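Below are the structure tokens for one structure; questions will follow.
Letters A, B, C and D mark the chains as written, and numbering starts fresh at 1 in each.
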């Protein structure tokens, strides 16, 4: 299951670039056309960082786990469904850039996708802790730190979602900050474990 | 062969999202445009659940198997051919939504693809049992349960195919139920084995 | 290197389905539109069988190999370049169906790609034999049989290429036969080895 | 982390072929249409060779490494971001062929992407050496040779970038030479190690 999940993460992250599309007739004013694609580049960057983070957190979770139950596998499949969906709102961020209203819609759809990803990831961990799937030799403080780290991500996404209704670009930048913000402490946990 | 098959399953499942395409001019009425894509979202969900189930059943089969023969490898390749094809009718479900006739055609093509997948998966297992490729230490009741579980899937697909000629949307929902219905007991088998 | 190659084969084989595209307006006469895509389905099938065969032959080669040299790695990269290219002429077979001339062009480009694939695969094996990269415990008859099996593939592709200039569809069917024809004896070798 | 990186490299390299697109109406003059795509074929070849090289250098680096720190993982993610981006400027090379100005823009964007890839790869290695992540049993001369080999690549890309402002096609050929030029000595290192 771990190899399969890793494969899905790797593919989803690499497919992101296919969603950046050069508009027709771009060769007449190439610099302008490429510059106008900045929302697509930003979306690529944020989605890459986010999927990278989620993959990393997922690796940390599976490494701490002793065995899996049916529900764990099911939750994991649900996580893969929402992660694999990320390229779609990523594309929306680029396609819908321009008018205020469509930007807000795209940013909201994107944020909901990231929120769901973060939520299911958090559920996966809490489920593993509650059902005692976590390895007995894991330090209690690591379990607590991990649980703690996944929570601010959730509230962060909720705040960014609200901001996105008024200032879509700011929300996207917050999504980037969340990805990098969660990424760092999780690695600290991994370092201690291995 | 197992790693290669796993790769194909992981890629096919992740490619599904590329088949959801936003129509041109969607930025003028973004909410509407996104809402109108619901058949594509449903198709994404059902195909993801189905490929996930088939991958899972495939893992259970290969884990119970001792060695492989030429015919087993050939059947396995055939399974990969039909699984890798699933993104195509998945796209059709979205593209052909709207008129009654095209919806029925898309749902039927989709159903036939799922039926073939299920059929070849079932053949793979029966072949393995008949040719004594199954590990000697496998409990007889596991072998029988596995065989049993794969059969209702087949009849389920046949019934759904018929229903799809009249009520395409209902058929798609049945496909979702089948995926989840098969998924659960197969996991029960795996749990006992590992 | 083996895992990387396996990944490339698995991805190339799964990307094939993306090249089957439903023409615009197909929902008005869905059955017709889907039936008209038969050259694309055939191309999908032949390319899948061919990449599957090449992957299998590649696995047999790497399993017989003791160590790798720089030139072996380079030849291997060259093989991956031509295998990864196969989705392009596969798409051409579908796109160029209709007029006689474009069909011949598409079939020829396709055939040249398959011929190159087969040629480099054969070179890879001959190089490994000549440079004594093959494991010492490999039976001489296996080495000879492997060498023999890869040769008719080459002549088969050359003959099919010629036929394709007059009867494109026949050539495509020959490509399918070659894939299945090579596939079978190679598996016999593998069975003996493992 | 290594398996995940390998997956991303393998997927990025295989996605390149999707960026070669046949223009509409190509079936009327198929030979001409296919011949006119030569910039796309060249771009495919150069990008394939470059990603192949970077993957290879990455494998050499990770094989020499004992353990990873947070910053190493972060640099590695940055490398994957720029490598996964390569299919985009690869497509530009094909799309923007025709007018002088757009060719120069495409070649420059492409070159900057390759330069960044090479730069981060070099940083990754220097970081590993400085932070003593390299295995103690690695010969000093191997460490020095590796460091040396990654430097001319950087200056090569800088020179090609400048040339690309005047002669875009020449720059693309230089990028091909760099990929093959770096590829060869790195393999010599690997051969000694394993």
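Convention: a contact is a pair of C-beta atoms (placed from the backbone, for glycine too) under 8 Å apart; a residue touches a chain by one contact, two chains touch by 3 or more.
Everything numeric here is computed off the predicted structure, so don't read it as measured data.
Novice: Based on mean C-alpha positions, I'd like to know which chain lies farthest from chain A.
Specialist: Here the answer is chain C, farthest from chain A.
Novice: Over half shared or under half: which fits the residue numbers at the contact of copies chain B and chain C, same or different?
Specialist: Mostly different residues: under half of the interface numbers shared.
Novice: Would you mind pulling out the distance in Å between where the CA atoms of chain A average out and where those of chain C do?
Specialist: 37
Novice: How big is the gap, in whole Å, between where the Cα atoms of chain A centre and where those of chain B centre?
Specialist: Centres of chain A and chain B (C-alpha means) sit 26 Å apart.
Novice: By the touch rule stated above, which residues of chain D touch at least two different other chains?
Specialist: Each of 3, 7, 11, 15, 18 in chain D touches at least two other chains.
Novice: If you connect every pair of chains that touch, what shape comes out? Choose line, ring, star, complete or other.
Specialist: Here the contact pattern is a ring, one closed loop where every chain has two partners.
Novice: Please output the residues of chain C touching chain B within their complex, sorted ascending.
Specialist: Against chain B, the touching part of chain C is residues 3, 6-7, 9-11, 13-18, 20, 22, 26-28, 30-31, 34, 44-45, 48-49, 52, 55-56, 183-184, 187-188, 191, 194.
Novice: Taking the complex as given, what residues does chain D use to touch chain A?
Specialist: Result: residues 3-4, 7-8, 11-12, 15, 18, 67, 69-70, 73-74, 77, 80-81, 84-85, 87-88, 91-92, 95-96, 98-99, 101-102, 105-106, 109 of chain D touch chain A.
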